[in-house]
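Both complexes below contain chain A, partnered by chain B and then by chain C.
Let's look at the complex of A and B:
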């Protein structure tokens, strides 16, 4: 048994008092969980501590909290690990972010998480009449969605999402991962409608800021951000959805510039984004004009600070071997299907791959120089 | 120490002061930079959104070129986004031999191939400085300890998450390196809410409000925590934190004016390089107050 201190954020709206911190000393074996610690404090010291929990085995998804600033399941976090991460000796336990606190460690999942899940129509919309018996689906066509199906609705990603922090209307990682569960389902007949809906929503597919916070905190490796990126690939490449948020144009412009120059010509990225990748097409669109005008002060600041010369903004040199890059683009883009390596299925690095030699110098014989 | 050096696109584009400051700092730390001037963009997460095989092939090409630099101990970048985007590709290339061979097939006309090796690495200058050069060696070379300068670290998402992909199991302190370096050069690290959050840059063309509310909020938090400046190892973050700061101020409805330094610029100041050589005059948010503080240190 070891002694640990939990610093728990207490808040009871009925008292009218502001939130406060309260320390609890607990005594547990190091392999026990932070949840065990909270429950011991509740059992021995203060029965009024509120925490939502049930299975204690990372299955029910009830006990997500913030531990030392990181969102996760309390039952799935070893108390000794949390103590090792703790600053000043106390394990800090708070309610998750981005959701209103009901009491102590319990947040209002209905007000945020579940509402957002409902937003994405989380059920199958099959096309045509149902078959007489069950739907027959080849196993390999379901592999792609097993990752999003692993979600236990714990809300950790919602609590940690950095876009939600500034835009509470963002559909958010959990709901978008759930959306992919149906977008990727071969039985669903509304794939394009779903993608159009999510791409056109100003708080949808293109409001994800690519910060990996959801990937980091998910206890089930759902990697919600990866599911969002999958949907972006499908929206732009498979369905060519030219959304109002400029997601399509931005991707086309960026990829097109690398195909042309090899490195990014930043000055052309924004104007090309409005022309689906073309420098001139689409610039007269009133929305494009408005955004380009909005971006003008930024461009002027760039020139005034000496970062960018007008010449540099106009002329961007191609890589010396740009034809190699173009050939790679052509080889891959001319194929009918995209090849995607699903790391969730392939597994982790360092398996039984025979050619991995951890000790061999990587380059020539001078590996230890310097 | 010789490294294959990938400077990235933005350091040679809209943040030329980053490229210049790295070039000025490298010899003082005995780093020989062999620039990969034929390598292509890392994709910055956007090409990965478009086609994984494409982005993996483009970065395999860069890795193969880096592995071909005679005598280099590894590859170095100066951009958190390059670090993360390239590590993502490396993870896929390393995970599956058949996939790696397939991707290498796109490089064969030029005789290039990415070879998986546990000993080969690609590190941001921040990681290289702490892990390969060492904080003690850095301290020995500091000629102008930045005493009294309060510096707020800003990492950039791609260099802190996901930890499993980015080698945090082997180097668990990587998310604290900026603070360690700030201390090593005599300055004071400032703790504030935004240090490991997102600058918002990836959605600047798609949702300006979400984007600039993020950068604006972090700068406001750094001001409230009493920072003299922010330092970042990511030029894309720098674009949103510095170049866009006057606009970000409107989205968070308050004055900002927080100078944002590139990581090599901060090192350069401590190594005695003059601010102009480091390009401190090429910032949107004026760095005069930082420069004056540093000048006072020299005088004292």
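Let's look at the complex of A and C:
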């Protein structure tokens, strides 16, 4: 047994008081969880502390909170680890961000998380009548979408999402990961419609800023950002969806600039991102001119801060061995299929089950990339 | 005041399946759950769902395995229905979008499971229950106009009309503490099991036997309540589950001396014998001093190829890592038998109807009985879906021919008064949590894998004392918004009713069958005890009666694995 102090953010809407912090001393074996600590405080000192919790095993997704500022499940955060991270000796426990607090550690998930899930048409839309028996689909496709199926809807990623903090209308990591569960499902008949819908939504696919916060906090390795990026690649490369948000142009411009210079040519990224990912085409597109003018303050800030200089804007240096970068591009583009990163499946190839040996090589390919 | 043709209480697999099936019949449907539906404990079913879907397999084989697994206490007519309808249900789930594992040809692939004579368990990695639950919830979102969802509504009591028919329930909106009388022509209980009566348990904190107790309180008979499954592989202390799928994938059990001890208990099926058999074997090893000092034996998953573990047993890799600090791909993990499932429950027929008019039950809350004395792994998901659907369909069809009942609003006032009375109490004794901890420890000590008259009698005495104590338990929380404390006091009352019935049933059954092992009656006694024990409320305790076990084509045989 070791002693720990939990500093819990308390809020009771019925009192009219503002939120306050309350310390609770608990003693637990170091391998027990922060949830066990909270439950002990509830059991011994004050049964009115409220946290949603049920399974204690990171499967029901109820107990997402912020622990020392980091979002995660209280039940699978070891109390000794949390104590090691704690500043001033107290483990700080507070409700998740980006969602209204109802009481103590409870947030209103319906108002944010579930509303966004509902937004992505979260059910299978098969084409035509189902077959007499099961749909025949590649084994690896089911394992692939099982990564997003593994989502327990705990909302940790929603609570930690920086884009959501800036744009509360962003569909968000959990709902977009849910969307991939259908986009990636070969049984779904609305893949392109779904991608167009999400790409054209100003708060959709291209609203993610690639910050990895959702990947980091997810307790189930769903890696929502990866699912978002995969949908972007499908939207641009497979379906060539030229969206109003210039997501398509931005990706083309980004990839094109790297291929040419090896490093990011920041001064050209902005203008090239409009239209078709090309400076010339971008500027001749009438819609792009308006957007370019709107982007002028950003460009000026870039110059002021020294991020871009007028000289560098015209002449961007290339990497000394730019040929190697081109070689990588060539190597990747010469493959028939796009290589997709699925960090869910790892481990070496092989197995004793004959049923699985068949599928193992296919899985191995994915695994090796991870 | 909400009114529905069919009202479902509980939104796990059985509840959601029942609600969707009822809605398909075109009646109005409401579903209540004390947690958001995807938090339901169906989530925790890891290993898979059984069905004889392969052309080489047969439903008769599945049914026989189930009958044998039940130690001949299951009703064979119900088992036949479940096994016959299983393949169609699996395909239906697949069509709705469940991401079932595929074989190399892209068809549904299977894994082996305990007590089964063929590999007929369909699965999604080791998150099968979660995957199915979330897909059903996708359908609930799709059919939002057809099914009214009341999420985070705690049902406090079933309501009867003046003729004794079930006419709805009273529930509390946990968000704001308001209470409402829900009127319905038919009520389907799908509120799950009662594992929290024991400590430790694999069950979630919400599994407090609410529905079992509420049905009991309106006079519905509970059946075979003594049949409590201890799962062979749970973590010591916390009680968390390690899927039977691990053994299905080839993992071995060892005692502290390094012996693969199942050779002595089930030489043919080894680790894949029925759960009751494996749990007893483990407990025998532990009791006879061949376990580890922490009262466990070892489960060695390292014999399963690492890649296969990552792909098919991913959840328990995380459980090992997060809750036991063990990398199961590299070293054995210490496990012991732990409370997992109640085979008994509210007695129903094959359409989910209980003897109380207009009350149905499906899933773990119910006892059809398809599991008898011991449930086979991967049959529980099947039970929830088959009998959830059948209940929903039957209730909807019947509801069409009825008029809406008019229960008295006095029921609502009674429940409101009860809650006000509880929150108004001043503390004079122990908290809910302390009484609950006591209850769990007593049950785990006296009503676990091995039982005898002496211990069970002690347990029954303790139950009655705790029941008295619970009548005056006070709460810290006096508020209305998410007052879990007062709901915890209600749950405690439900749990104590459950516990009393479990112990009464265990005392009554003077033989060893399935999960009930009486050291004072170590043999199965087919002459006297192939019968169900029914417990019906009689004043403050249960009255005992018996009912026949339905036999169709399988005569009792000696049970070896």
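Just so it is clear, the second predicted complex is superposed on the first by the 301 of 370 C-alpha atoms of A that agree within 3 Å, B and C clash if a C-alpha of one lies under 4 Å from a C-alpha of the other, contacts with A are read in each partner's own complex, and residues count from 1 in each chain.
By definition in this document, a contact is a pair of C-beta atoms (placed from the backbone, for glycine too) under 8 Å apart; a residue touches a chain by one contact, two chains touch by 3 or more.
It should be emphasised that the depicted structure is a prediction, and the values quoted were computed from it without experimental measurement.
In the superposition on chain A, A:97 contacts neither chain B nor chain C. Once the two complexes are laid over each other on the shared chain, residue contacts for A:233 go to chain B alone; chain C is not touched. Contacts of A:305 after superposition on the shared chain: chain B is touched, whereas chain C is not.
By the document's definition of touching, of the two partners only chain B reaches A:208; chain C does not. Of the two partner chains, chain B is the only one that A:329 touches; chain C does not reach it. When the two complexes are overlaid on their common chain A, residue A:124 makes contact with chain C while staying clear of chain B.
Residues 346-351, 353, 355-356, 358-360, 363-364, 367 of chain A lie at the contact with chain B in one complex and at the contact with chain C in the other. Put simply, chain B touches chain A in their complex at residues 1-2, 9-10, 12-17, 30, 37-41, 43-54, 56-58, 61, 67-74, 84, 91-92, 94-97, 99, 102, 106-107, 109-110, 115-121, 132, 157-158, 161-163, 197-198, 200, 202-203, 205-211, 213-214, 217, 243-244, 246-247, 281-284.
In the complex of the two chains, the chain A residues touching chain C come out as 12-14, 31, 33, 42-44, 46-48, 50, 52-62, 76, 78, 102-104, 106, 109-110, 117-118, 122-124, 126, 130, 133-139, 142-143, 145-146, 149-153, 181-182, 185, 187-188, 220, 344-353, 355-356, 358-360, 363-364, 367.
Residues 35-36, 38-41, 43-44, 91, 94-97, 99-109, 124-125, 127, 130-131, 134, 138-139, 141-142, 151, 175, 204-206, 238, 240-241, 249-250, 304-311, 314-315, 318-319, 322-325, 329, 431-434, 437, 475-477, 479-485, 488 of chain C are the ones that touch chain A when the two sit in their complex. Touching chain B in their complex are the following residues of chain A: 162-163, 165-167, 170, 202, 206-213, 215-216, 229, 232-233, 236-237, 245-247, 250-251, 254-255, 258, 262-266, 269-270, 273, 291, 294, 297-298, 301-302, 305-308, 312, 319-321, 324-325, 327-329, 331-333, 338-341, 343, 346-351, 353-364, 366-370.
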